[in-house]
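Both complexes below contain chain A, partnered by chain B and then by chain C.
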Partner chain A sequence: MTTKIDARGLSCPQPVLMTLDEIKAGKAIEIEVLVDTETAKENVSRAAASQGWEVTNVAEEGDGYKITIRKG
Partner chain B sequence: MKLKNIFASLGGIIGVGLLIGILAPLLQKLGNPGNMGICVACFERDIAGALGLHRAGVVQYIRPEIIGFVLGSLIAAYLFKEFRPRLGSAPIVRFVLGAFAMIGALVFLGCPWRAALRLAGGDGNAILGILGLIFGIWIGTLFLKNGYNLGRAQTTHTAAGWMMPLMMLGLLALLIIFPQIEGQGKNGVLFYSLKGPGAMHAPLLISLGVGLAVGFLAQRSRFCTMGAIRDFVLFRQTHLLLGLIALIAAAFVTNLILGQFHPGFEGQPVAHTMHIWNFAGMGLAGLAFALAGGCPGRQLFLSGEGDGDAAVFVLGMIVGAGFAHNFGLASSPKGVGPYGIEAVIIGIIVCLLIGFTMRKRGTA
Partner chain C sequence: MRDDLAIIQTLDFFTPIVDDPYTFGQVAVANSLSDVYAMGGVPLTAMNIICFPINTMKIDILREILLGGLDKMREAGVLLVGGHSVEDNELKYGLSVTGTVHPDRVLLNRGARAGDALVLTKPLGTGIINTALKGNLASDDLVEKSIQCMAQLNKKAADLMTKFSTVHACTDVTGFGLLGHAAEMIEGSDVGMVIRSSSVPVFHEIQEFVEMGIIPGGLNRNRKFRIKMVDVGPNCQPWLVDVFFDPQTSGGLLISLPAEDAQVLVNKMHDEGLHDAAVIGEVVTEPKGKIIVS
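Let's look at the complex of A and B:
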């Protein structure tokens, strides 16, 4: 199933913490993370990769990005 | 479609660390104080002094490096379409954190940037400071793991994002209108130091140029001395940490080449040997930086890309510097100030209170 995380407006390391919490909860196989800064986008992508997840899509959405990551 | 940000790569962050590590000792060679080629806390304190917010005569100078940090980041943010005016994530809390971060840093006599440069210059007291920094950040990560969160920022007016860059342009204008006059402690509205660290500085254009370059590169690479340690403690991520280690290594080699490496504990420039308070001062600063989400340099870079909350943290630091010297909280080479110990204890209590009471997982 796909889980959504809204990390817009939150500063680092919150978006990464939220993403890692969701990954570690072990239920999701796909997660969509909404962020609104480049830094958060890079950090979430890097953190997902470190957990063996794959960044399958980064789409511009509103003022920010929707990052889709998938369990590898 | 934007170009991929090469500075956000591993090579990028290490390259930026190496460059800062070379430039900082060169600034010292060109006139900045010992092991203080770059020190964000000290330089903001000097700005507070130049404006008369405190009257410690030996630390008064509008440091162009700080102006450059903000404006360099602003230029990078605009060039790469990353200028995002935003604010509203508990600004008053960030102000208080900034003030106590400064007080803690001035008990140690340096921010994390200077702690790294002091270590690279052979100052053994920096080891205590860095251990304290790691300890403070570690406490901060415990709060983060338990849901500590200052809430979301909101998008705001472009002009609101320009407040800190405009203030920096204002400081630059003052520096040009009222330049230092040989042998005079004041010109127009600005105070200048006749002796001490405030009287030691590289030429204005070089300081400003290096500041702009560092601000630009740090915005691109997200260089952060606190984040370096935090991400390792929290996630075992070494990305930012390698940037900080590169800075220390490059500064060490550059100091050796320039004859600026002097190992020891006693008689180090702008430093004292009270180990407990070097540790505790930096511990307080580290905790405050961790709770605010960035080292003092990173707060300047963020404020350059439109982050109003980071800008409030910077103002907190400048006001904190005023208190630190007016109240006798700041240390000197003789040791801690008359009320420095009390201030560190109060600061730690305030930061713990903030950490314990401001939790809200993800929402807010």
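Let's look at the complex of A and C:
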């Protein structure tokens, strides 16, 4: 299933922690994370990679980004 | 003022990076005084500048911040002569510092020469630790070490450095990170640098945070701004490159002086209890305007 995380308006490290929590919960195989800073985009992508997940898409959405990550 | 006496005037203040108000006062003052030390000067007097949300925060917190600051000024032998406070929604504290220096002995962040070695006096990683702390990820032990590092005055390092008349350049490592400040030192000049990644003092516990993406926004901005000047060699561990761009609070001094003096200086620093001080690299003639991280 795909889970959505809205981390817009949150400063680091919150977007990363929310993503890691969702990964570690073990239910999702795909997660969409909404962020609104360049830093959060890079950090969330890195957090996913550190857990063996793959960043399958990064799209601009509104004033921020939608990052799609998938369990490897 | 005279042929043998110049005045240094600085101002620096910022928002809290630690929870404890007394500790925040200590770190803010160590950070404010650092500018004078980095110029080879001696700070004499200071004035507090504080922005405080008096309607929503207890006055005790204000008192603790100022006490922490005052104790740090006493340690530095600096006299507090006044200050100014304003009401503000966000807490901020720092100092305006007055110091003196011999006009011929002012150290700038430029002037490094080929044949110099580079000395760094404090470990890197406080920005990453502050970010991990916000997410409750950092251990008490690591936070304590980081606080000790940030609250440590650069006075002793500066006292030892200024005994060498051969120092060509000095800066304190703060918001731009090691590579940002190193880049300033050689930008537009006819020298380059080699930094040996394995020689740079860092808090090694932060590797897992860096690899997990627990990284302050300033780090990414620093890297983006300066990465064009940096060549990373195959022997440098990737996570260290991020640490070298980590914005530091009250970081150490980065000193450029002839290689033969650099090791003597570092040995003296170790004797005086500055155990993290290390020779981290060299200033070279080629490639000009570039930093090689080996």
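Definition applied: the second predicted complex is superposed on the first by the 72 of 72 C-alpha atoms of A that agree within 3 Å, B and C clash if a C-alpha of one lies under 4 Å from a C-alpha of the other, contacts with A are read in each partner's own complex, and residues count from 1 in each chain.
Criterion: contacts are C-beta pairs under 8 Å (C-beta built on N, C-alpha and C of every residue); 3 or more make two chains touch, one makes a residue touch a chain.
Every value quoted in this text rests on a predicted model; they were computed, and no experiment measured them.
Of the two partner chains, chain C is the only one touched by A:44; chain B is not. When the shared chain is aligned, chain B and chain C each come close enough to touch A:14. Which of chain B and chain C touches more residues of chain A: that partner is B.
In the overlay built on the shared chain, the residue A:36 is in contact with chain B alone; chain C does not reach it. Legend: residue contacts after superposition of the two complexes on their common chain; A:3 is shown touching neither chain B nor chain C. Looking at the shared chain after the overlay, A:68 reaches neither chain B nor chain C. Residue overlap on chain A between the chain B contacts of one complex and the chain C contacts of the other covers 11-14, 16-17, 20, 37-39, 42-43, 46-47, 50.
Those residues of chain A lying in contact with chain B across their complex are 5-14, 16-18, 20, 36-39, 42-43, 46-47, 50, 63.
On the side of chain B, the complex with chain A involves touching residues 5, 8, 80, 82, 84, 86, 89, 144-145, 149-155, 222, 227, 230-231, 234-235, 237, 239, 293-294, 307, 309, 362.
On chain A, the positions that touch chain C within their shared complex are 11-14, 16-17, 20, 37-39, 42-47, 50. Of all the residues in chain C, the ones that touch chain A in their complex are 131-132, 134-135, 137, 211-217, 220-221.
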